[in-house]
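Listed next: structures, encoded as structure tokens.
You will see subunit A twice below: alongside subunit B first, and alongside subunit C after that.
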Partner chain A sequence: MTAVSRAWGRLTLPGKVVFTIVPLLVLLTIALVVAIGLFGTLVVDILIANIGIVRFVVAVTIILLLSPPIAFVIIYMEMKIIALMNLRLGPDRVGPWGTLLSTVHGLKVLMKEDFTPTGADAVVFTWAPVVVFASTIMAVLVIPFAPGLFGQDMNIALLYFFAVGGLTIVGLLMAGWSSFNKYSLLGGLRSAAQIVSYEIPLTLSVVGLLILAGTMSLNQLVELQGPHLDAATGQMTGAWFTDWFVFRQPLGFLIFFIAATAEGNRTPFDLTEADSEIVAGFGTEYSGMRFGFFYFAEYINVFVLSALTVVLFLGGWNAPFDINGIFAWLNSVQSVVTFPTAFAWDVNPAAVGLPLLFIVALAPVLATLILGAPFYLLRSSTKWWHAILIGFVLFNVLVVGLLLVWAYVNFEWAAGLFWFLGKTFAFVYLFVWLRGTLPRVRIDQLMGFAWKWLLPASLLNLFVTAAAVLVIGG
Partner chain B sequence: MTTTIPRHASADDPRVLLDEEIGVFEPVPPYPPRTEREAEFYTLRDGEMFLNMGPQHPSTHGVLRIVLKLDGERVVDLDPVLGYLHRGVEKLCENADYHQTICYTDPLEYVSALFNEWAPCLAFEKLMDVEVPPRAEYIRVLSSELLRIASHALFMGWMALDLGGLTPILWSFIERDEIVDMLSALTGARMLFNYFRIGGVNGDLNHEFMSRLGDWMSRATEQHAANIGLLNENEIFVRRMRGLGTLDTATAIRMCMTGPNLRATGLPFDIRRAHPYSVYPELEFDIPTRTEGDCLARYLLRVDEIKQSLRIIDQCLHQMPDGPVMAKLPRLLRPRPGRAYGAVEGPRGQYAVYAVSDGTDQPFRFRIHDPSFIHLQAVGTLMPGNLVADAMAVMASLDPIMGGVDK
Partner chain C sequence: MSFVPGLGMAKGLFLTLRRFFAPKATIRYPEVKADVPHKFRGRLQLLYDEWGTLKCETCFQCAQACPVECIDMGGMDTKGRYHVHWGAPETYGERREESALRRSGRPVPDPAYDHFAPIDLAAVDAVLDEHDHDPAKMLQILEGTQAAYGHLPVAALKRISEATGAWYAMIYGTASYYRHLRFEVPAAAAQTAALAERRPSETAYGSALDAALSGKRPN
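Moving on, here comes the complex of A and B:
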């Protein structure tokens, strides 16, 4: 108990707040589940009657709970990938392959002292990281992760996204101005100039896409890139990746990606925190969890921008190929193997009968022994309990893998989530790769690039698309 | 004349005017201006502000402090403040005997310590008319050319780091580590070698050094190509460096600049050829020059010099004679009164020592000419008019080492 109280005592105020709110949220969820169990239909009816509010509350809770882990994963990816590019080892101490290091960093910032420098505008200084973090988190709300798995489906989702994303500058400016430090001031003003300039090509580059799609709802945009009923022909189309908007709007995609890199303050456009010039930019005077908020926001921003790129141009949750179509085609050209074209794994446990008990009771033990045996037999240095441990871990990996495959096959959202996260993290990798490779551009080159190249190019893209739609007729 | 500098206020906010009471640091000296230049510099016009860069700053290459006068992001004027690393090496050397001097000069330019040992050795050998055995001369050339490669490799990494590239510096450090490990097998230290002696070197080549060297030489060219491949073709890097901080030959000579920074302006001046010392007349190598005189030229010139150093090392290994590595000298050195000047071509330029003997066992006067200090003058003409980001790039391209600047 003393250990717990000592750890609690070392927490700073934001740490105490975070560590209070998270259990409260969990308790609230449990209470809700218990209430449904006790009062059944009554509670469910009340909830269904207010489904919009419920959906919003649940979505916000889940986003708040899941965004730190996402940030941790991206931070770990960045540390490890850049380390490998630098021919270093990278994190390898905390957890297996150092995977827990970013989590420990997250806990560390909760315990660090966060001070307000002399001369700083304390109120603005305190609220700046909150504004940055909140605006980044709010953008996650409209991103469709999978069929049915999204916070809110707005018909103006894209506008909402740009509006909320633009709020980030307010926070950065607040931080830069209130820190009472000239490096912070330069960093804040740089970020303002940069983000305001790049908002324009970012927004204009998707207008061509919107003309083609005719909707601003991200859900509908994703559905248009997947299998859907074509209004003109009345047939199902678009099960393949060729229907993704990136092939119809290649220039728009390129502009969007470059502008998103600048929008997220990532290398080569990371002038706001250029450490060789202005130390740490707007974050120079921040420490502890306030700094942590900036840090989290930056990495969640990377995730959000990658996700939006995927949603707009790369088909969102849609698989790149039509696996059932491929199987059907294979079945039609050969008769040696019959591929299943529709999965329906309706296993009725009752029908299995008594052997089910046998399987449930003995399978883990047997599997553990069988999987562990080779390690014991083939390597004389392995102790028997090491082998059993390895066998158990392998068994669990196997079970989880099978479960995932089962979920992928049976649930649309699981398959969607798989493809969505796969594509998104491919883009996150691209951001990290850029950071490991490129030097930074200068501020005048940055602005010149936005106004002289990206803006005309995005306008050109817009006019060409509009003309094509006029001539060909959509 | 009594002039008072108006205290600079950061903002119009009345609370901010309480600067002195709340102890906010403004980089204005606490005394009235001593020169007109100081008075002019520390008076702000409308829209200008001071930015105190250093002595603790990620990219000032040590403890250089520069007070920048900024207009927006553009540098209007600057005031470098030196001396944070001043140790009084010259005075220390005047109170040490001739052998001890070498370990005092060692940490001056700490990334290329062998050259710091070579110049005093050269001066003292002239003072005492010592004949250095040829094998010792070849070992000196071999080890110091290795260190020149290490120093240039490090420069390439720092240059990229100051422009925001993360990776090149770590690749450079791998190359430097290999060389430094090799030299530690030869000399027993990784950084401050204390290897050269008056009249020779401390020890002969050994097996570990030679095997490491052979291993490294077999892949040095490819490794070098890989390292420069990271940057030389990079559009962002080249665009930022080209035409930045241009020096012409006349200005460079007027500022006494030597070494790569001078050669980048087009003048093939190299002490190894202009005032030959050691066995350099017997070795074949080119003096690479470039005519642009900008940051990119300074960078590419060092890249070329690495290739020439590899050539020299190769020749040294082939021509290395047998024999002693140390001349026969008395234990206590008392040269007759006189003076001598020894200059070597370090990785940064002419590194020279001027020693005066009064017949005792300690030098009467020991003067160090350090290229870093000379080259740092150029920031005053190159930085103004550029952006803050480019100011750092300009400084990095001059490659100063603060250990040598502050002596």
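Moving on, here comes the complex of A and C:
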């Protein structure tokens, strides 16, 4: 017992929290499964009656589980892309093409000493990264990933997003203040000043869009940019990318993007933790996993801001073109090939009958042999087991590709997720590209730009949009 | 044009995008090793910066790495307190006079650089043309070059290396093998005689070698 209590005493506060919550969650999940098994419909009925709460809990769990992989992917992208832009190779040792390096970094951070400096306000010091991380995670909750694939569909989602995103400042100030270090305090105040300044043009730049759309729900905003029933004409419109808000609010988009860059503490506005200049800003005294939380939060913030840009201005989950419309038009023009205009790929495995068994058993073997054969036959230096390995890998690639295509065609959410993630990671690339290119601005340039240029520009955008709506009538 | 807002940013972004797709400069060292000619020896030289201060920090890394221990060096630490050295004690020299020359503000002549002085390459090119840029005729090329310049300047050797495609180290090896080829400006005749006076054994060895090479028995 003493060993357990000693180990417990060695844990830091976040460690104690995690070691309490995780077993509790596991127990609760097991209890839920057992309860469903024992009482069946009764439990399911209770769950359906409280679907809001269930949805929230499931969404939060999934987002918490998914956020580290997202951060890892973005960190890897950042390392690799900037390296390639510097004519270096970047990470290439751990895992294929170095893809596991950020994971290893994460593990390293976990194993480092979690140090609290003497004189620091331990409670605030411990909770600051939690606040920063939580505010970022909570923002993910309202982002619509695909049709039906979102945490919560609030009618004030955008407002919620900005409110929760503003909580980051509190966390950064807590970190700066509680570190008992004047440089941390300076860094915290700097970052607070920066984020507060850029929050205003960020919010104002979206108001013009809200006037046009008439809703704050992110889901409805995305639907307005996709195929939808036009209230004025009573016809279906918006299957093409021309209906995206970026073409109706170009200035708003520009301001939003610049302000988002500053909001996410990205280059050229990353003064708060300019790692080459001011130690680490508010994070100077942090180490181990608490530092890791700031780091994670920063990269998830990049993802969240890219996602929000895509949702607001670039059509969210909508495809940029109407493939069925193109096929219908092609069919009307020519009669040589008939393109299917409504995709439905109904596979009924039961209809195949007994041969299904043979297909399932033989297809992998045959496909491996057939796909590997050309490599064995055409190059005499290929060893037979190399050829089989290549064939097996090709077979897997083929099957996974076919599965993805099948999912894309059959499920709306798969297609939506594909377009949403594609656009979002294009924006992540843009953020990284900017970091690989631009030098850092000075603090006075930073402030001057926000107040003297972005704020008037966003007000102008707002007034012009409002006037246009008044004159044209929506 | 330059006052168009965002133009500089666009230029920079375009540049980084081009770099993104450009071939990479990294050499993956343990897997890929540089193609070094097998006669490569290199030329040891201490470099000065533009204020005349020796760039050598007396870190001894070169001496420690030298496989045949041919590098000896000595010096003080940066405070001038210790007299540290690597190698046999009788061979180490003094380290630089810290910043005395730097304070003088004048560039310091370094005779080591004379070897690398740019020269008029027309004579080498003529010799190379005469011999078809053929690395197989290296000896003739080198003799022609020496006839033109009086010795073999480094720039001329580099030119020959470029033009014939032979490794510089190979040419250096060839040139250092034949005793009638020289890298230095020939000294005055009296000085040469004095030198020969001081090294009779070498001259004797040389004549014996000549005799052996020409097929005569030594007498």
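FYI, the second predicted complex is superposed on the first by the 429 of 474 C-alpha atoms of A that agree within 3 Å, B and C clash if a C-alpha of one lies under 4 Å from a C-alpha of the other, contacts with A are read in each partner's own complex, and residues count from 1 in each chain.
Simple rule for what comes next: a contact is a pair of C-beta atoms (placed from the backbone, for glycine too) under 8 Å apart; a residue touches a chain by one contact, two chains touch by 3 or more.
Remember, predicted model here, so these are calculated numbers, not experimental data.
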Combined model on subunit A: subunit C and subunit B, fit or clash: clash
Touched partner set for A:Leu89, first subunit B, second subunit C, both or neither: second
Partner chain(s) touched by A:Ile81 [first = subunit B, second = subunit C, both, neither]: second
Touching partner for A:Thr118 - first (subunit B), second (subunit C), both, neither: first
Superposition-derived comparison: subunit B or subunit C, residues of subunit A touched: B
First (subunit B), second (subunit C), both or neither touched by A:Thr437: both
Partner chain(s) touched by A:Ala274 [first = subunit B, second = subunit C, both, neither]: first
Overlapping segment of subunit C (options 43-51, 61-69 or 205-213) - the one that collides with subunit B in the superposed model: 43-51
Touching both subunit B and subunit C, residues of subunit A: 85-88, 436-438
Subunit B contact footprint on subunit A (complex, rising order): 82, 85-88, 118-119, 180, 182-183, 186, 190, 267-268, 270-271, 274-279, 435-445
Residues of subunit A that touch subunit C when the two form their complex: 81, 84-89, 92, 433-434, 436-438
Contact set on subunit B toward subunit A in their complex: 10, 16, 22-24, 49-52, 57-59, 73, 160-167, 170-171, 174, 230-231, 234, 236-237, 239-240, 387-390, 392
Subunit A partner contacts - residues on subunit C that touch it in the complex: 9, 12-13, 15-17, 19-20, 22-26, 28
